[in-house]
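Input: structures, listed below.
Common to both upcoming complexes is chain A, partnered first by chain B, then by chain C.
So, the complex of A and B:
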């Protein structure tokens, strides 16, 4: 049936609108920004949250899945956590509010709040089109975050750990990072939970990589089992730039992590390694969109998913190759271990190709553990539980080997092992 | 990979301007007035002397259609269709119901002769090399002739136009029509349910292996005529049938609409093989004219161990919107989809398949080769899903795309949905990569990589071609005539 009518507001949509009404006078920004926020909320009121009828949200029907939203106020104060990255420089965003901009050689950092208050910020707070619900919610509600810039040729020695910690309520933060020409850095964007209350987060990270910049960005989303996390990472890559993105999802009740990459400069390279560990009744969606618009660009994505219990996982990956982007090499793989009959995994890898001299491929598999492998291990006296953990660990763990920083890789691997210990 | 010169030349040879079926047959026709209304539907139903329930069924579909909106999710772009500006019924004027071929208008026979479709049984029988094929020829809105009826009758196979079937076997039609593609299914299927004018009906009784290939040729001739045919094929327990379908239309400047529905039902241990060579007029070099082909094809593997196989070679139509699907309901049932889709000029293809695994131990296989040239866009859109209870569902999908020139587009949009742990799905879409296992197998035996890849890809193309019955395979090869070797990285 194709009957379309204006939707009546769901409790979650109404909750967002109420939260906006309650918070609007406290949201930082000038009159222009307030008007911009008003327009975005008016649009939400009119179109509602995206449903499965919107192609980009086909498997994550926010109208149905987002039953309600917590009120805007947090349940308690969130504290900064000890860093997990060795020798890290921490930038905490507690309950969506900055603490104090840190400094390091070559890195300048200000709070986003400062920029919002300075005026003229509405141009930078734009959703990526009509269906971009995350961009819309974040732009309407964003209160704070960090704006960072790394000097040309600078190499940031410590790992920068961006810590978004939340205890209930709502938090809408934003990180902007500009890597100037030939700069290098490793950044860990960590989303964690403190306290016992369920919370809603929207988080947008905006990355700009100038010529030959080399950035490793890790998103570690480890929120509570009843939290809602709506994340988005946007990146633009100039000539010769290189972005290595790692996404690790180990928590959350309803998670959507979008990655929108524009490979715009000749010779630029993007790659993604994603590990999604899903258990309980969670719903985790990783949606990726890569635009190759310059020749000789490359991208390579490997997504590994483990689905337990009644969890549902989604991967959507779209690679677009424009006419000008000849000699593009784009490869994408999505492999899933679906380990229960109650779980579900949906994959939609997409290729959209307009250039004729390219190598593009995608592969997707969904399988259970191989009984022969299990037998091999159990025949050697290893308990089935440990055997399963070993096999699953082997399946995801190798992606972390590609991280240049061994110490950090070890820390992340331990977190994966801990998760397996708790859930398998 | 850029296409090799040989491939480019061959594509040029089958360029849209070379369309050789573009002639028009001047023939007197019996038409209903333009436009669509309940009266037109009553008119069609009365013309066909249909039972009352059929009219009600059509009217219910029409009322539902009025509430529906045209789908917009496919990657095709065309101006709004004015559904009131079409003729919904057009039939060659002949004496009612030709008994033998001699009563058929000679103009019509000449048309089919031009198309190279042998309607005359005696010629067929005389021909030494040709095997026997029973043909149902559909001209605009009505089926003009069905051959070999008597011989099929002896085997117990019913092969006739659906209008005839509605008169002679209403209970069979009533039992199965709309049971695979319900009237509410989608915009075009609902429209078809309301206004379909003819099509083929095949019933193969229990345990019968249909003694010959069955074939239908569809021809749109009249101007501004929409063709809405409905095909229903039922294979009883243990039966087998192979069915072929071919389509052509004259060259015209305006677009013509074709919205067909095909329903297949395979019961226990039955097998249906459905092959299509679709060569509707694709429009000229500037993208003027051509057929809008909006087709709903679905097979229901209702019984245990049943099998449905779709093979299609798509070279025509300005717009193709078509997803031959299999509902794998019976335990151990199997669905197959083999497709070669060639787009050129301004053609737009959005085609693929759906494999819905519902029963236990069901398996499916999808092999799709898309070749786009000119300024065309060629999209593969496929869905593979395993229901919670579909234990041990297996799917293998491979989509290869080849682009020739830098003004065309090739797209792949698979939807993979697994809802139980024992499902095993593999999907590959690539222009350079082949299953590592196969490659390894060849390499381990000393075959160089390039040769190994060529070997495997050639094998796959042959797979699609070989799925076609002999007569169609020759026609298809002529139509495509394209080496897929350029697709190997």
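So, the complex of A and C:
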């Protein structure tokens, strides 16, 4: 162990180190992996959590915002929840621990714990760089998760619901999903809270899409109003692969969801539809980075944010187009409904284009509800509260119409409506 | 049913007084036309009746069935049976027409302590009423008023009126932007709503609409006041001689 407590450590940094010290002997893995985890914690001790001086964290100063971290142990037992996806196959990750790998036609699934214990896993547990605090924390602490592989040509009939449920303490989980050639699936990655205690989660999902694989991946983050959620999704798209990602944030006190996509194969397509529903005092950040490195690739992102109360939101979207990625078409839009004077939203689109024959565009808008719309609805007998809900819903709802699975779209729409009912 | 007494109203932001001592009585079963040149306060009157934000009543009162409505929110007025058919219905993207109709009907029923309409009953009701107005089902699948032509928007207003069955209908320049066929459909729709327990106020610039919706009374609005009232012959008189004579006579 090479851990020195420096006086400059924040309580949260110290808390992470203490949690590591308390947990290290229980963390699954061989000696090599333990040494790897040690190195990551040593690095965290050295650099600290990223502050606003680090560009990628400029609008989410983790060092300041993360006041403290809960101890590593959960407050209570978490039970699997009824699935929200209709006819779903559930893979629960309760307090960061797998239950039992499920099987379905074409899908093989093992627990991540099994792989960690098998040795040689440190290769795969790497942060994406020095500023990747989420990758670093997750790699150092990760205990479990699921490693899934979908056979070539297989079409997974049920929706797969990855269900991370937590009641306080810390949980560090990881989902790896390999979609082999021309396979198709819809996966709901759901982060939920059970019980009364505030918790901290890190969650990393690693997606590999082979040629012509077609995945719809939905992240539904619905944690408690005092929870910290640090999420990261990494995806690599081979030739002709298609990834449709939906990110829906309806909970959490401090949330950062990173999306790092490499569009590497010719003709591959990525799109993102994000809905951030922000209320109370929360801080929610969606940070996206897309690399187009092959010709004829496309990406399209639409982010819709609703800001109430004193909530604060951030969207950073970076699109990089490599010199050889000619004929790339990349479109990004970030639209915010800012409904209070105390709320805040920061949008930072960024394009870095090295190819000369591409179409790339980005735009950001911030609006309030239109009084003429409100009057029209209220003049028909609709109370102001319900009129506001209808209009806000209309602003975000249409993104869910783009889900192919109508039943799932309806379920998610109802969750949006429920949120509006509670907060508007 | 409606009694407007010495009403003074202004635009809150600028303080400009638009309605300057307006008096008007409309009885149940009556169709009253309010005519006036541009800028006479016709649209402002309709907004003040519906309770739009941004207009301040500084003097006088509006009594609806004997009760002042000045302190009521627009939604409360609507639930009590006041309906404004807009001159320019706004397009509301993201809100589906059917969803809007259902929420509006059920919110009003709820406010009156009635049970919600069940979905199959609601759909049947809308289909029937829409067919009477020659509204294509396709139109109802779109977002509220979005991409509707001028005529479609006006027909959609009348559809809402038929579904909500208000006691006091205020039609603000419903004829503007309508061709003769659409005008006839809209007028038929309004005429079908004539009833002994319902009053209809038709606000218009031209006499044209009044050939199809024949009023019981006609009131000329000028500079925020009713300067002359009469029966339907007053509308023909206006059409023949314009507003100038009446304005001069009133001055």
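One rule holds for everything that comes next: the second predicted complex is superposed on the first by the 417 of 424 C-alpha atoms of A that agree within 3 Å, B and C clash if a C-alpha of one lies under 4 Å from a C-alpha of the other, contacts with A are read in each partner's own complex, and residues count from 1 in each chain.
Going forward, a contact is a pair of C-beta atoms (placed from the backbone, for glycine too) under 8 Å apart; a residue touches a chain by one contact, two chains touch by 3 or more.
None of these values were measured; they are calculated from a predicted model.
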In the superposed arrangement, which partner chain does A:393 touch: chain B (first), chain C (second), both, or neither?
-> second
Please indicate which partner A:361 is in contact with in the superposed arrangement: first for chain B, second for chain C, both, or neither.
-> first
Could you tell me if A:351 is touching chain B, chain C, both of them or neither one (first, second, both, neither)?
-> first
Regarding the shared-chain residue A:372, is it in contact with chain B (first), chain C (second), both, or neither?
-> second
Partner, of chain C and chain B, that touches more residues belonging to chain A = B
Is A:382 in contact with chain B, with chain C, with both, or with neither (first, second, both, neither)?
-> second
Considering only the touch criterion stated at the top, classify A:323 as touching first (chain B), second (chain C), both, or neither.
-> first
Overlap of the chain B and chain C interfaces on chain A comprises residues none
Enumerate the contact residues on chain A facing chain C in the complex.
-> 370-373, 375-384, 386-387, 390-391, 393-395, 397-398
What residues on chain A touch chain B, complex-wise?
-> 1-4, 55, 58, 323, 326, 336, 338-368
Complex interface listing, chain C residues touching chain A = 50-54, 73-75, 77-79, 83-84, 86, 89-90, 92-95, 99-100, 103-104, 107-108, 111, 143, 160, 164
Residue numbers on chain B that touch chain A, as the complex places them = 1-3, 67-71, 73, 184, 186-187, 388, 401, 403-433, 489
